[in-house]
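Same chain, two partners: subunit A is paired with subunit B first, then with subunit C.
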Partner chain A sequence: METQQMTTLVGVLDQKMNRQLKQYLDICARCAICKDACHQYVATQDFKYLPARRAELIRQIYKKYFTKTGEFVPALYEARDPDENLLDELYESTYACTGCRRCMYYCPFSIDTAWILSVAKAILIAAGKGNEMLGQLADAALFKSDNFEMFKDIIVDGFKDIEQQVKGLTGDPDAEIPVDKQGADILYVALAGAHSILPAAVIFHEAKVSWTLSYFEAANYGYFFGDAVKARKIADRFMDEAKRLGVKEVVITECGHAYRVAEIFHEAWSGEKHPFKVRHILEVIDEYITDGRIKVRPDAIKEPVTYHDPCQIGRNGGIFEQPRNIVRALASDFRDMTPNREQQWCCGGGGGLVAISEMDEFRIKSGTIKAEQIKATGARIIASPCENCRLQMEGLNDSMELGIEVKAIMDLVLEAMPLPGSFAKDASTD
Partner chain B sequence: MSEEMKADLELDLKGLLCPMPMVKVSQNIASVAVGGTIRAVATDPGSMADIPAWAKSTGNELISAEKIDGEFVFMVKRLK
Partner chain C sequence: METFLNISAVYGVYLSISVFVIGMSWRTYQWATTPKSPVRLGMFPKPKTGAGRVLKMLKDTLIAPQSARIEPLMWAFAFAIHVAALGAFIGHGRLLHEFTPLVTWLGEDGMNTFAAWSGGTAGIVMLAAVVFWIARRTFGPFKQLSVPEDYLLLALLFGVIIMGDHMRFVGTIHAATYREWFQSLLVFKPEIPAEILGSSTGWSLGAHMLFTDLFLIYFPFSKLVHAVGAFSANLVRSE
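== the complex of A and B ==
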């Protein structure tokens, strides 16, 4: 590797350096408590997935270029250059991480390994070694917004198809999926798929709220890729739309990372305070049920149901009780997993891993603990409000023959609502 | 157009929810030679914007994107 390129990579670390990162890099006592917290390390026993080891690769560059001991006696202090060997090691341990932050929860010093790995991704991208698939998906999202007039009619046509199903389910020929509605109370940000639009449209209709659907999807592959500028621009698409429409709140669909980006990161990235609230759709649905704005049949689901806390909504987003309230309101046999809430095991599907085919085998293996947790509940249905979690658990269901149905919470709500039209299981894909 | 051309790879993406149809096309493009084609059939309406956006942003050619009997049929040519 050219000296100039190495200098550039060290410059990336320098740009990202702040008091918090320096503390994370200085303070690790190598106690290895994090090894028992990481589902990937526990499932594989592979040293490269040990959280402290992942961070150690960045720490080695830090020692070489930011400490005198590492600069002058690198061999003694395990200080290294960001050469090809180090970057290859860094790629695998970094893009394999789901960013669940369970290691941080158990770390005595609360070292945020996911934060350190966000710096690792910035270094890899600067070296031209960012994950190609995640980069392509981020670019496709930006292409859609940069060339919006090319796609606007296609997107709206898709909404109109779904609108017909909303009319059927609600029995209301005037039911609609409003788009670009100035002054609506809520801007709902769905995924590109119909499955996240249809149930929300029915729920908003039945709750008689003023809402409008975003043209843009919530998913943010720029975040998974590790490019903060692209990630911000992808989120800007619907944040700018919300400002233009003058909504009171932005409601994010059942997607883990999209919620965290919108609620936790976007204000910091943009440097502006949002003139609206940001909430997860489950916070809203829980409120509607509690206030009686929508009705659900209390024993609509008789089979045992369990709930998986997506890491970005639960441990990293603080939403624990609302989804449980919803499931308990409509299922007669709710069984929580052990452990749960802040201590919930990651399912293994986050971080964009479901899109990285070369990690498929590893990803499924890393979900072994989650599969055992699900089995232990004896549940026949697992509900989870995150697309990546559901994709992963469907993979676990197939490969480990769990015999479960994996569902979104909104789908359960729709099944439990007394609607004039019947809820067809495959309505979202018709 | 998609019915007239024989594709080098057929992808059945029916039932997959967006963005997975786009992800699957992206994952499989390297398995056809440069100049080769993929015919993909999806059922999620979101794919009608996703797959063309992916093709254009990655420098591949979207030969056609059609809605046929409730399904979304794409012909994509690998250009690089």
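== the complex of A and C ==
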């Protein structure tokens, strides 16, 4: 490889350097305690997926270019250049990582391997080796905001269709899906498609809150791709909307990474504090149920239900109890998986992996532990608030014949709400 | 032997302690002056108060309960060697000054028996742990993950411990004599007592110190900076 490019890549590492990264690169004891924390390593026993190994590739560059000892005695640290060989290996270890941070949980120094790999992604992108699919999806999202007038009518038409269904379900001919409503309390940011808009619209309607729907979807492929600038711009689309409309809070739909991007990353990326709160839709729904603003039938679901903590919502987002409260409020047989909450196993679908078709086989294989965990509960329904998790678990369900139904929490809530125009089956099957 | 001891047990000590202190300060300074990541890297659940965060950090660093859960055997050996090393470090304090209250309490003989037992235990535990780690790094993913640095450190550590153990279990020289030597270093009038020079244990001391010097010199440039970094990295966990 050209020295020129090598210098550029080292420059990227330099530019991304900060105290945490430097410490992580300096202190890892290579004790491999993180080895059995990673579902991908456990399922494949493939060295390239061992968390510390993934980070070690960046450490090798760091040692060579950022430490005197590594510069003079590279052999001691296996320090080396970011050449083609290194980059190829780095690509595989990096884009496979789901960013679940289970390895960080168990590391004696809490080394955030996923954070080191976010820097690895920046290096890969600079070398022209970013994941193509994720890059395209990120660009598509930006194309939409850059050429918004072109899309606006199609988007609004789509909302109108969903609005008809909201009217039907709530039995209220005036029920609406407000868009671009100045001064609304809540800006709700959904995913593309009706499935994440309809239940929320019904819930907001029943709870009688003042809300408005964002033109833009919450999903952020810039984040998965590893380009912080693009990721920020993608989130800016609805953050700017929220500022413009003067809302009190931005509520993110049932999506893992989008919540973390909005709640944890965006302020750091943009360098300014949000003039509104950011909450996850399940925090909001839990509050509505507790306050009696919406009603759910306590035994609406009699089959055993289990709950999967999406990494970005649980361990990395801090929402553990609200979804459980909701499920308990409407299901008579709730069973937690072991381990759960902050120790929960990643399902294997995060990090944008479900969008990368060449990873399909690997991804399903990496979900073996999750599948075992689900089986052990004996549940018939698995509820989970992250779309990537649900796609992955549907894949596991098919390939490992788990015989379960994978559900979004909002869908369960919708089924359990006594609505005037609600599904006829509610009355008949009870 | 005198030349050897002069190198490893006199000038080497001055050199290694200076490199260690300056090196560690430099590394800590580097960390402290590198800007923090603007992104909060903490994970949940996290303590709500500052004091809670510090307590959790201390627990995570000193006990590492999560690591204990996932690999109990490794944790046990890591915990044992760190505690034994701490014990041995404190034990070496006898070189600075006799632990007078302990001597008053236990009596001269009692103190020697106590030191023999505690020092001996620490020496054995450390040896066992280092052998365990060396063995662990010879196979499978542990071997693949290891780099020469890991083996170098373990080899130096092995050398320090085995020679220390040799002095304790085979050597016949007592703490009082070593104290004379160490005190002379402290006042910058280095002098090696004739008893050491006249005994074959002098060679053990020389080797023990040689390994120790090299270990301390390399320390600030190795992954062992985790001795300081573990605290701040674990604090980031609840940011």
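Here is the rule we go by: the second predicted complex is superposed on the first by the 422 of 430 C-alpha atoms of A that agree within 3 Å, B and C clash if a C-alpha of one lies under 4 Å from a C-alpha of the other, contacts with A are read in each partner's own complex, and residues count from 1 in each chain.
We adopt the following convention: contacts are C-beta pairs under 8 Å (C-beta built on N, C-alpha and C of every residue); 3 or more make two chains touch, one makes a residue touch a chain.
This is a predicted model, so every value here is computed, not measured.
Of the two partner chains placed by the overlay, neither subunit B nor subunit C lies in contact with A:A376. Of the two partner chains placed by the overlay, only subunit C lies in contact with A:A52; subunit B stays clear of it.
When the shared chain is aligned, subunit C comes close enough to touch A:C107, but subunit B does not.
For subunit A, the partner that touches more of its residues is C, with subunit B and subunit C as the two candidates.
Shared contact residues on subunit A (touching subunit B in one structure, subunit C in the other): none found.
Across the complex, subunit A is touched by residues 14-15, 17-20, 22-23, 26-27, 43-50, 52-54, 56-58, 70 of subunit B. Residue ranges of subunit A in contact with subunit C, taken from their complex: 17-24, 26-33, 35-37, 47, 50, 52-53, 56, 67-69, 75-78, 101, 104-112, 115, 264-265, 268-269, 271, 314-318, 320, 341-342. Per the touch definition, subunit C reaches subunit A in the complex via residues 27, 30-32, 34-41, 43-46, 60-61, 64, 66-67, 69-71, 74-75, 78, 141-142, 144-150, 152, 221, 223, 225-226, 229-230, 232-234, 236-237.
Remark: subunit A residues 133, 136-137, 139-144, 147, 151, 154-155, 157-158, 161-162, 191-195, 217, 219, 354-355, 357, 387, 391, 426, 428-430 touch subunit B in the complex.
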